[in-house]
Structure formats: C-alpha cells, structure tokens
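So that we are looking at the same thing, I have put the structure below in structure tokens.
Going by the order they are written in, the chains are A, B, C, D and E; count residues from 1 in each one.
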Amino acid sequence: QSRDTIQIAGSSTVLPFASIVAEEFSASFPEFKTPVVGSGGTGGGLKQFCEGVGENTIDIANASRQIKDAEREACTAAGVTDIREIQFGFDGIVFASAASGPDFALTPAQVYKAIAAKVNVDGQLVDNPYKTWNEVDASLPNQPIALAVPASNHGTREVFQEKVVSAGCEEAGLPEGISEDDAEAACTTYRQDVVVEISGDYTETLARLNSDPNTVGVFGLSFYEQNTDTLKVATVDGVVPSKESVAAGEYPVSRPLFFYVKGQHIGVIPGIEEYVQFFLSEGISGEGGALEAAGLIPQPADKTAEVLAAFEAGAAQ
Amino acid sequence: MNPTDMLDRQIRLTARDVTVHYGTKQALHGISIDIPDRAVTAFIGPSGCGKSTFLRCINRMNDTIEGAKVGGTIKLDGEDIYSPDLDVVELRARIGMVFQKPNPFPKSIYDNVAYGPRIHGLARNKSDLDEIVVSSLRKAGLFEEVKDRLQEPGTGLSGGQQQRLCIARAIAVGPEVILMDEPCSALDPIATAVIEELIDELRENYTIVIVTHSMQQAARVSQRTAFFHLGHLIEQGPTEDIFTNPVNKQTQDYIMGRIG
Amino acid sequence: MRAGLVRRHATEQIFRGLGIAAIAVALGFVAILFIDVFRKGIPAFVQSNVHLSVFFDPELIDVDPAPARDQFPSDAEYTAASLKWQRSVALLNWNTIVEASLRKAAPEAGDMTAREILSIPETDARHEIREMFVANPSLLGQTVDVDVLASANAQNWIKGNIDRSLGDKQQQLSAPARALIDTFVENGTISNGFAWSILTNVDSRSAPASAGLLGAFVGTLWMMLIVVVLAVPIGVAAAIYLEEFAPKSRLTDLIEVNINNLAAVPSIVFGLLGAAVFINWFHLPISAPLVGGLVLTLLTLPTIIIATRGALLGVSPALRQAALGMGASKTQMVFHHVLPVTFPSILTATILGVAHALGETAPLLLIGMKAFVASVPATPLDQAAALPVQIYLWQGNENRNFFEPRTAAAIMVLLGVMILLNGAAIYLRSRLEKRA
Amino acid sequence: MNALIVAGVLLVLLGVSYQTGWSKSRNLATANGVKVHSRPQYHGSYSAIWTMIPALVILLLWAWFGGGIARDYAVSQIPQDTLLALDQAGLNNALNRINALASGYGVAGDVAPWEQAAGSAVRSFNFLTFAGMLVLAVVAGGAGLVYARSRITARLRARNTVERVISLLLLACSGVAILTTVGIVASLVTEAFRFFTFINPIDFFFGTVWAPNNAGGANHGQYGLLPLLTGTLMITAIAMLVAVPVGLMAAIYLSQYAPRGFRAVVKPFIEILAGIPTIVFGFFALVTVGPFLRDFGNAIGLNINATSALTAGIVMGIMIIPFVSSLSDDILNQVPRSLRDGAYGLGATQSETIRNVLLPAALPGIVGAFLLAVSRAVGETMIVVLAAGNSPILRGNPFEPVSTITVSIVNQLTGDTDFTGPQSLVGFALGLTLFVVTLCLNIFALYIVRRFREQYE
Amino acid sequence: MNPTDMLDRQIRLTARDVTVHYGTKQALHGISIDIPDRAVTAFIGPSGCGKSTFLRCINRMNDTIEGAKVGGTIKLDGEDIYSPDLDVVELRARIGMVFQKPNPFPKSIYDNVAYGPRIHGLARNKSDLDEIVVSSLRKAGLFEEVKDRLQEPGTGLSGGQQQRLCIARAIAVGPEVILMDEPCSALDPIATAVIEELIDELRENYTIVIVTHSMQQAARVSQRTAFFHLGHLIEQGPTEDIFTNPVNKQTQDYIMGRIG
C-alpha cells in the first residue's frame, strides 16, 4: 500500500513552524498521521522534492527563499510538474549582542563600514581601518568589532547582504568612477578578521557570543525573542525589531517563508490538502495563531487567502 | 638390495627429484626416496640439512610457507600429491604430522585432541569422542598427568607435555601416514620409551616417518633410515645396513659422530 | 653496564610515566565530557507538573454524543462516524477548559489574561484533556484530577534556568504569570517529579516541555540492530577473504587501499550514496531506519574490515600450521582457530564502529532521517528519527534555557545506549581475552 | 509483501535441500562402511547450494529484466495513436500513471479510460509474472536439488565445493566494499562534472580563494580548493599529533603494564570517546577548549584564536584516541608471549621489550589502527564546523581559524543554496577530490608500510 | 658429602623452600638447593616435574606468567633475588636463559644476537658488535651455516638452528649465570658436542644450570645433578654419585629408566 504519512523536508528556518503545524495537524485530524518534517536546507529539500514523483519522494519542500528557475527546470525534467507555492509569513532578521553588553543602534551603513574589506575613506578605497565600533561611528559603543554573520550557505546571508550590507554600501557611497564590478566586489567582500561566518544554526551563533562576548550576532527574530535573558537586540535605522514592526514593513531586514507542494501527490498521499489548509488557517499562521507564538511574523490575511485560493485552484505556477 | 629390506613391502610414498627453494636458497636437492607401508622410516642428518623441509613436502605443509617452492614429484599410493586436483585437506588428514616445535592450540587440552576427530567426523557422539581423546592421550603417555585438567589450556603444559599433546592430537585422527619431526626431543627416557612403543604399535597398520637426532632412537624404532646432508639425500636403506654398514663415507662419518 | 642500567631504568620510568599520563589524559577527557554533560543534563530529568482538577463543562463541550458501535452496520461506517465525531471534538476550544481549571486553582489570578494563564501549563494540556474525553465521553459534567506538564518557560522559571533577577523585558513570562507560578509552587498545585516524559514521549515542537526521546530511541535501536547484524558479519568476512584467501596481488592491494580510503570518506557522502542507491534505485522508503541502518552499515564496514585485518595479521603462523597440519581446511582453520584468537579485536572494532555509527548524523540528513518525527517506528520501514538527530534538533531549538539541559539529557541517554550496546561486547571481549 | 513470500519460499527450499543432502550422506556412511569424503553437514550444504543458486538466479533475472518486460508490456497497452503522440517525457509520465494505477496508487487529474484499462491489464500481468517466476524458481531449485542428490556419493568432494562457495561468499562480502566505492564515485561523478561546467577545474584545484556566492546571477563566486585542503591537512595532522602519542602510549600501558582489572575498566571508558556524538565534541571545543586555549595563549604570549585549527585538531585528536588505543592494545596483546619472554630473558626492560620486540611485531596492525584514526579525522565534520572557525582562507598558522573540505561539503549540500548551481554541486566535486586525495595518501601509506614491514617477518 | 663435591667451591645460588603455584595448582614443593660457581649443575627428571618452572624462578621469568606465584627464597651471591629492591632487569642480564622452545625474534639473525649487547651497551661501535655477534654464533656452532644470511630473519631457520641461535643470543650478553632449558634437544650429535664443548668452556668462568633429558649428557657435562620428581627435589649431589650411587630409590629408578 502507499505511504500514509506526509513527508516534508527543507529549510531549517521553516522546520520549527512546520513541525508545530504537523503536530497540531494530527491532533486536529485524528485520521492522519503526524507528518514527518525533515531538514536539509532549502536546496537540499528542493533537491529531494525534485527527485521525481512517487512514494519515495517527498511531498512538500520547505523553503526560506523562492524556488529558482533552474530548480524548477530540474523538477520538470524529473516529472515534477505540478509545483504549488505557498507563502505563509515572514522571518525577521535581527542583530543581537550579549545582554550584559552595551546597546547597539545600527544602521546598514555602519554595518557595512564595520565589515567591508575595503571602505571609502576620503574618496579612496582603502583596507578597512576600523577596529572598534565607535571608530565606525561615534554613537556606537567602544567595543572591538566582531560580527557573526550567516555563512553563504544560508538563505539569511542573501537577505543580510541585500538589505543590510548592499543598502549600507549604497548609503555610505563608493568613490567616484570605480567600475561596476569593483563596486559590487566592494559591497560584497567582507573582512575576514572581524567577520565570523556561521554555517550552522543560531545556537552556534549564540555559542560564539558566549565564547567571545564582544561579538554581535545575526539571529532570527524568533530566536532572539526566546532568549531575551541572554541577548540584547540592536535597532536598525532606529526601529526596534518586533513582529509588529516587521509586519508593518518598518523594520527593513526580513524575508518571506514558503513551502512547495507536489500537486501530483495530492489525493495519493492522504492529508496533503488538509495539511495546507490547516497550515494557512487563522489559528495557525494567522495573527495570534500558534506559529506567531513560535516566532513567525504573519502575513496579511488577504495575502493568505490569495495563496490558498491559488493552491486550491491547483494552479501549477 | 638386502632381503630384509622393507621395500619388498608395498610402497606408500615415492618421491622423485624433490627440490625445495626458500626464496632463492635451495634447501633440498633432488631427493628421491621410497617409503614403505607399515614400517618406520627414520630421517637422520645434521641440523639444517633439510629433514623437516622434506617432511613438510610430504603433506604439503610447505604450501603454507611464503616463498617456498617445491619441485619434483611425490606420490602417495601412486597418486601425485602435488597434482592440482588432489584435495590437500584430505591429504593432510591422511598424512598426519607432529611438528618439531610443539604447537598446541590455545584451547583446552581436551579440545586440542578432540579437534581432529570433530572436523573429520570420527565420533558419532560425545562419549565416542571422549573415548578417542582419552585413548589418544593415553597412547601418548600423557593421560595420567593431565586427567584432572582436561579443560585447562593446552598452552599451560610443560614442554614435554606439549610435545606429547601434539602427538596425541595427531594420532587421534587416525591418519594412514604419520610424520613425526623429533617427537621425543623434549621427553625424558621413560616418556620416550612410551612414544617409541606407540610408534612400534602404530607401525603394524600405518606408515611412519620420523625425524630424529638420536641414532639410538633411529636404530631402535626404524626399519629404514635415510641420511640427509646439506639438502642432499646421501644414503638410504634398511636401518641395520645403514648403521652397521654404511656405504657412503659421509654417512659413516655422521654415524660415528664425525660430521655435523 | 651499571651506569647504563640507571639510564635504562630512567627511560623505563619515563616510558611508563608516559603510559600513565596517556591514560590519565584520555580518562581525563572522558571525565570532563561526562561531568559537563551530566552537570547540564541531570536537571532536565526533573519536570514540573501542574495538578489540575478539570471540570468537563457540558456548556463548553457542546458536541453530539459519541457514536456507538451498535448504531452502525459496518466497522468502516462506525470508524468514519467516530473520526467525524473526534474531529468535532477537536474543533472545540479546549483551552478554555484548561484556563478554567487553572483559574479555579488560583483565585488570585482573576485579572490575568487568558494568554498569561495559559503560558503556565504546556500547550498540549488541552490535547491531553481532550483525549481523556474522547477515550471516555462519560466524563462530561464530571470533575477529574489531571496532571499536566508545566510549560517550558514556566519550568525555566521554577528551576531557575533563567535568571530570576532579570527585569520584565528580559523574561519570557509576564510578571503576574511568574508570581502565579510561585504561588502554585507554594500551594502545591505545581510540584516536581522525575521526568519520565523524556523517556516515554515522542518529540514535540508545539509543546516543548513534553518533548521526549522514545521515537528517536527506537529508531536508533532499529538502526543499530541492522548495523550489528550486517556490518559485523560482512566486515569480518571481507577481512577474512582479503587476509586469508585472496591471492596477494595488485588487485588485493588495490582493494586494501580502497577500503582504507573508504574509511576516510566523509559520512555525508555515504548519505548521498544511500539516497541514490537505496531510495532512488531500490525504492526503499525515506526516513526509514532500514535505510539508515544500511547507510551506517556501509559507513562502519571499513572500520571493521581494517581492524579485523590488523588482528588477523597478528596471528602467529604456528597456529595456522598446527591447524592445517591436522587436516583442517583453510576455512576450518580460519573459523576454528584464527577467528577465535582475534575475537577480542573484532569486538573492539565492532564497538568502535557501532559507536561511530551511533553518533552519526550527517548521512541521515540526506535520507530524510534528520527530521521531526512524532511517532514511534514499529518496524524498520516506518519513519523515524535517531538519537543523534534528536540531539541535533534539540540543540538547535530556540528555547535555549529549556533545551540546553534537555539536549544534555538526550546525550546522556545516547551514552546510555552506547554503554549498554558496548557493555555486551565488552563483556564478551573480556571473557574471550586470554593473553596469547 | 512480495518480498516476504519470496523469502519464505526460499527458506523452505533451503531447509528441505539441506535435510535431503544431510540424510543421504548419513545413509551413505551407515549403509556401506566406505569412507565418505565429506561430512554430512557438507553434503547438506552442498545440496542447499545447488538448490538455492538456480532459484536465486531466476529471481535475480526477474529482478533485473522483470522491470523492462513489465515496461514493454505497459507500453504495449497504450493505444497506438496515443503512443505515437507521446514524446519521451510524456511516455514516462504515462507509464508512471499506468503503474501508479496498477499498484492501486491514485494519480492526479482525470484518469483516461485507456489508462484505467492499461492499469488493470498491467496489474494482472504483474501478478501472473510474479506467480510464474516463483513457480519457475521453485522448479529450478528442485531440479538443482535432484541433481545434487544424485551426485552425492562417498567420493564427492562436497566440502571442497562448499568451501569454494564460502570463499566466494567471503569474496562477495569484500565486494561490498568495492561496490560502495563504485557507488560513491558514481553518485559523485556526474554532479561533480556538472560543477565543472560552471567552474574551470584549474580555478577549482589551484584556486586560493573560497568564496561561493549564493546571491544568484552569473556571479557564482570563487571555489578555490587549496584553503580547504590545507585546512583539512592541518587539522588532521594536529589530531594525529594528539591521538597517536596518547593512544599508543595508552595502548601500551593497558596491554603491558596495567593490571587486568584496571584494563577491563579503563578500556571501555576510553572507548566511550569514540561514541560521543561529534556535535557534543564540537560544542565542547567551541565553549570550553577554544577559550581555554586562547587564554592559555595569552598567558604565554601566543596569539591563539579561540576557534582555530588547533582547537579543532586537539578535540578531534581526543575523539580518535580510542581508535588508536583500543585497536593497538588488542594487537599488542596478541603478540605471542614467547617473544616477550625472549626479550625479558635477555635482560631487556619492559619498555625495551615493547619498543624493540612487541611494537615491530605488531606494526602492521598498529599501522592499520593509525590509518583508521587518520581516516576518521579526515572525514569528520561537526567538530570542525564548530571549533575551527569556518574560515576558508589559505593560511599556514594553526592558531588561526580554518575550514575543511568536509565542512564545505556539508555546508554546500545542506544549505539554502540552489541545488542546480555550482554552490551546491561543488559539494560533489569536493567529495570526489577528497576521495582522490585520500586515495593517494593511502597508496603512499601502503607503500611505506610495505617497505617498513619487509624488515621483519 | 663427597670430597669431590663442588659445593666446597663458592656457592652462587641458594634456593630455600621454593614453591610455585600456577593458579591453584602447586608445581613446585619446597625446593632447596645450592648451586656452585664455575660448575655445571644438571636438572633431570621426568617431563612435567617442574624443572623448567624452577629454572624460571632463578631469573624471575615466572613474574611474567599470569597466575604464577613463587614462594621461598632464592639468593644470588647472598642477595635475595625476590627482594623488592632488586633490579629484575639487571638480574636477568646477569642470569641468562635459553628457553626450552626456541623463540627467535622476528628480526634478522644478526639483530637477534646483537639485541642483548645493544640494550646493555656492551659494544662501543659497530665493529665491536659485529665481533660479538660473530663470536657468539661461532661458539654456538651456527656461524658457518648462517654466515651468508645474517640479514635474513631468524624465524626462517631450521629447528636446530633456531635453538643454537637462541644459545648464541644468550651468551652474547655475557651473563654470569646461564640457565639452559634442554639446549640440545633439537640438535644432532655433532652440534650437541659443540654445545657441550661450549658449556665446558663457559664453566671455567660462569655458573651454569642445564636441564636435560639425556642422562648421558648430564653425566658428560655436569658436575652436580639434581633430580626432580612431581615437583619435589628428590635428590641432589655430585653427578658421579647420583649416577653411580643414588641414595634415593626414585632417583635410582629414574636413572635406570624405570619411572617417567
């Protein structure tokens, strides 16, 4: 007989949310087994997802970014043609430092200046001279610069680069007349002495902070919120990151979260449809729902309705 | 040939032009010899002359030594023992061997002796096996000494005891040919006498080849004697003839204790 | 010579000292790790329970009576109706009942919001109560004493996992909720007990305090069973073939090098292999201990082969000759004499290999076993997690205050499994070991 | 289910055939007092082999070709005109749907009537072929049994046959290792080559900068292998510097000096180190060892980074101690006591005996243990991720952060990267490279060991 | 006591009430014996009577056997060899031993012999060492046979050659006391004669204890003889007396070949 448990895999950012939904789903739908939620990263999850159609492939891939065209092609080539995208909320990305340390009020430009390999000093691109934060900007604490950022294998890195560093780079301005390539390199190359790249999860970032308390770390909002006793969050452009400020679009550093459903498995593996509907229901991913309590930033209800409608219409996008 | 020669009896083993090389070193040079059935053949000769090497050829134990190469032919009952379709294992079961250095298994005394009968299926049941073990140990003159400790390891025995254990182990299988490489080297005169008696008894039914350094022993137990020297078979013949009337000067010298 | 002796004895002492030092170093690390893990993990074996007296209020539980079997002609119809009824029960807001019970226990909590009150018991309290009702619909209108778990944050507060002196902003619970918890602890509504939940529950994300190891534990047992059953015989057999039977040639050299090389292949690559071969090619199920066991078997094989070969190399030729001279065949020689002598080494190899497999997560990632699985696998074909995976997942949980000890507790359990598995091997080994 | 039926049938065949051979042999032995070459067990196994092999061959043929035949049959069930209209992907899709229908597994969308019909035809075809195959297998096995039984005589060398089969089985077991290698190479190679369509191999093998860019677009970043390779070698070397002396001395102490009871207790304790999940070691390194080393370095005037090759190497060294200590201990224990006695009898001290006699005699095995330890060190990931600083920069200072090949493999394969792009494919290329590098190291090691070993024996 | 008794010479070794247990089994019962300097003492007795065991007590080789417990006192030049502050290593260097079963190291023939001198630092340089090796091999009557293959492994020698190698190895260290456990068991008469000559020569300066099963050998080489039986020292005295005029009935029986 065919598999009777929904198989999910993918992004570790989405994993906690999906797990909660899986559990609540089986509590509410006694006829279905609790879905299995695997990790493996967005890429890994989509790879499994695009392996083909059938019992030994997964039904749903969690993703902290949108599927790429090349991936979609690979999927199609393997016969996975009915891919339904579900966007279900946002993930806020915050800077936080040890609770015992000084407060940080950062701007993208400051972050850029602190970590770029070369910065613009008096119209010249020179090796980054700053050692402490207050050298970057007098308003910042006198503390050696050390920033734990997600490594390039993380989806968060892209957001961090785009919304903080690149934005900061632009804001800070580059010397006149440098080529586009050089400009991009200047905006995307970090100095190795102060930047710690974290390829693991936020716990690892936290451990870095513990081992070197001067470090400022990049965390998920939900991670920070559950560890307010040890972490202190930094404002960005003066905005305190919170669910409200992210949802309202005031806080700049956030990204949407997704999962992808293999349409061909609907009706074959029991419960997929119900799972999606349940996931998108008010009580789960809506405001005040279970996922919000777990740190998800809900998206507007009309957006959810739109997503659900598209899903139910079976629109293979 | 002498009329008392055992060679008028049936010949069990014939070796022709047997050579052995260890790597590049030649240890045996063209040995040709016939070994009669139901008789004891003694190999004598100075240390290092190739007696053990030749003995090991007879049951193909040289196969197990890396770098050893055997040439020539050896036949058991007319069958070439080096022929590719001969079953070496069966051959070794038929041609038992007692090694020069006692090498008991790191098992109990009982299991040491019972091992052969077990793998060859010689005992129908436990009491059969017990009997084989006890009688083999008894024949080797060891039973009285170890009867209270059959379950203790065979490696915890004294040198002479180990040697007798290996003899018991070899005869427990009831081989047709028994090769004994200095079976009494670690034994006192009485134990030696027991083994010699055993050999005498076994001779009734089996073919026995024994390597010994004791001329007296060779004279006592063997019917034929072969003298090896530096890898050559110098002389062979009925034991009496060899000892009383050796043809070859070297043999004479050796027996007289002049060469070694 | 005398002078030489003094020097030689000094060397001897140094050598011996080095030996002791080496042992001390190794044991020291074991001790440090153990102390580290135990110090962190032991508190997790205490859980706080909230004693509630739950009133199954007919006004709130407004559902049809549960269907009875005799109302339906067939089992299928009954099951369908029963599931339908259960769904309608599930749709009720059981939190209100939990909240009411808590309010009953603490009259002083009058002005607290529902959210604050419900932050005290674990979120699965409502499921627990609902399941009681589903199992026994006649509870309607009755009051029953129920023990539910305190929430992770409440437990952090009670156990002091979180610094109690921190200000409101840094606390996870609101000030009234914290005060209420303290009251509950004082009046005995909340009490501490041994955390059986760690051992008897499956993993949970929505109710972290109830997260347990049972599923992962069973998954690991299945995998280890497969590893022991497959890797040891295959590994030993391969080693025997290579060492005893294979003609010494370039080819065997190649195989030898190749096996040594396999040992150095990163474990995640074995995961790739497993996904490609067992899942995509043989169509075995994903997330199944069977596949995990097979992958870990391949992972442990080199260890066992190399160690066994090393041991076989060390067997004295006299023993082999003795056996062959008795008319034992090569196979008999190997199985009756050589193997028994090398048994201790083989067991050591097994211990090391299985220990390695036991703690491995990376390959499981690619075959879908690094997953949140809230069930106990009944067969090796069911979805399951494994203990190291569970450790990994818990280790990454956001609620550090609660999951740091819990992770350590999971490690303790893993170590326990390992010690048990190895214990058997070690017992065998020490029995079989006789100095040659 | 099918597998269970097949297994059951095979088991029954096995039992019957063994029993047949066994009792025939017994009768031979009792009937006429002739000497039977082989023992009844061997005759039993002999006939079991003759029974199982034909049956298994049939089953394997079926497993191999059955799929193709079923596919052809399914294709034949597709109406001609529909078939002509289908391209390769469409045909595959149609076949998948038919097979899904045949196995009672629903399909998405509407089911065309011809699909339904084909599905049920395939279903009965599958059932019939399965049953037919089973019958055929039993018949073949039975024929084998009859043949084997007729061959069982006193002179039959059943033991030799059985032992040849055993040695073939043993060969097959070592074949598993070979197959694993083949599988690993095969599962790496295509994707690795895909990677090289993005990145020039020269840039990969000789590049000194490791900076994958995940942002998308044409800029994939730089994929220089050298920083990772040096990191791997450095950490492995440090780990061995810790594990070899400690492990070997511990082994020597345990096997030669320690009282039996002490050894019985301590050895398992040390072995625990091998089973602690590496993530535990990783956090231990990051939180405890790293800061300790940093402070220690400050105290003696060295600038040691908390996360560095040194930290990772030391902790990894600790983890692999048991690989060296336990295996070496067993092997040392196996050296015949007469050798030890020989040395003692000459007035050698214990350490001299160990160094001059025991270690050389045990050398081949001990080298095996070292190789195993090196291998674990090379293949280890988690400790490095956490403790080495994950800093893929080419530098030779062990006090600075580094990264390794394995870490990058895991990161790139399991991240949020595009699984079709070089960001993720590089994992395969790295795996393949590591495979080749360690292969070369192993060949070198074998060569060294050979040269070294020849002095003895 | 007989006036020709060697006991009027200086006594090197005195044993008093020596007992040995292997586990629960008692192998030696209260052995008391004096061993004179510059003389050869022979231990005789049936296989398994405890000769090797007692020999091993004298240079404390029993320490290395698990489960072996030694009681009583043994003194070398008046110094208790079982006293805790005695240096066993030095003791063993002073009291050399040739084991019953030849146990060459798996090293080259040269290294086998050179090992002792090397660890004890007896050779100043390579040529010194060469000389020691050659002369030891020559004394053991092995040199001629192996001179072309000094770099080949000692384990590739014949049984008798291995035995002589072990003798060469033992005397290369120049011990004051030499214990030889059946040193000629695997040797032909000529090789035996060489070793006996060696013993005779060594006797001039050293104390020698030899275990042998050959009454003739005991009579030929030894000045004193001790007869062991079932773990007891039955009789000891000047060799002549023992062989011509044994006091004890058991000794007499053994020498006459009546008990074993």
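Note that a residue touches a chain if its C-beta (ideal position, glycine included) is under 8 Å from a C-beta of that chain, and two chains touch if they have at least 3 such contacts.
On a predicted model such as this, the values are computed, not experimentally measured, just so you know.
> In the chain contact graph, what is the shortest path length, in steps, from subunit B to subunit D?
The least step count works out to 1.
> In this assembly, which chains make contact with subunit A and also with subunit B?
C, D
> If we define chain centres by averaging CA atoms, which chain lands farthest from subunit E? Would you check?
The chain lying farthest from subunit E is A.
> If you tally C-beta pairs in contact for every chain pair, which pair wins? Let me know.
C-D
> Averaging the CA atoms per chain, pick out the one whose centre lands closest to the mean of every protein CA shown.
The chain sitting closest to the overall C-alpha centre is D.
> Which chain lies the greatest distance away from subunit B when centres are computed from Cα atoms alone?
A
> Quick one: report the Å distance separating subunit B from subunit C, using the average Cα coordinate of each chain.
Chain centroid spacing, subunit B to subunit C, equals 61 Å.
> Taking the mean of the CA coordinates per chain, how far is subunit D from subunit E in Å?
Those two chain centres are 54 Å apart.
> Determine the centre-to-centre distance between subunit B and subunit E, using the mean Cα coordinates as centres, and give it in whole Å.
For subunit B versus subunit E, the centre distance works out to 29 Å.
> In subunit A, what residues contact two or more other chains?
Residues 39-40, 44, 54-55, 200.
> Give me the residues of subunit D that touch two or more other chains.
159-160, 283, 337, 349, 352, 361, 410, 413-414
> Two or more other chains in contact with one residue: find those residues in subunit E.
Within subunit E, the residues that touch at least two other chains are 66, 89-90, 93, 101, 119-120.
> Once the touch criterion is applied, which pairs of chains come out as touching?
A-C, A-D, B-C, B-D, B-E, C-D, C-E, D-E
> Can you tell me which positions in subunit E touch subunit C when the two form their complex?
Residue positions touching the partner: 66, 87, 89-90, 93, 119-122.
> Could you list, by residue number, the parts of subunit C that touch subunit D in their complex?
8-9, 11-12, 15-16, 18-23, 25-27, 29-30, 32-33, 36-37, 233-235, 237-242, 245-246, 253, 255-270, 272-273, 276-277, 298, 301-303, 305-307, 309-311, 313-316, 318, 329-331, 341-342, 344-345, 348-349, 351-352, 354-356, 358-362, 365-366, 388, 391-392, 395, 411, 414-415, 418-419, 422-423, 426, 430, 433, 435-436
> Provide the residue numbers of subunit D that touch subunit A in the complex, in ascending order.
Counting only subunit D, the residues touching subunit A are 89, 92-93, 96, 100, 103-108, 211-216, 219, 221, 283, 286-287, 290-291, 306-307, 385-386, 389-391, 393, 407, 410-421, 423-424.
> How about subunit D: which of its residues touch subunit E in the complex?
Those residues of subunit D that touch subunit E are 260, 337-349, 352, 356-357, 360-361, 455-457.
> Which subunit B residues qualify as touching subunit C in the complex?
Residue list for subunit B touching subunit C: 59, 61, 64, 89-94, 96-97, 99, 101, 103-106, 115-116, 119-120, 153, 166, 169-170, 173, 175.
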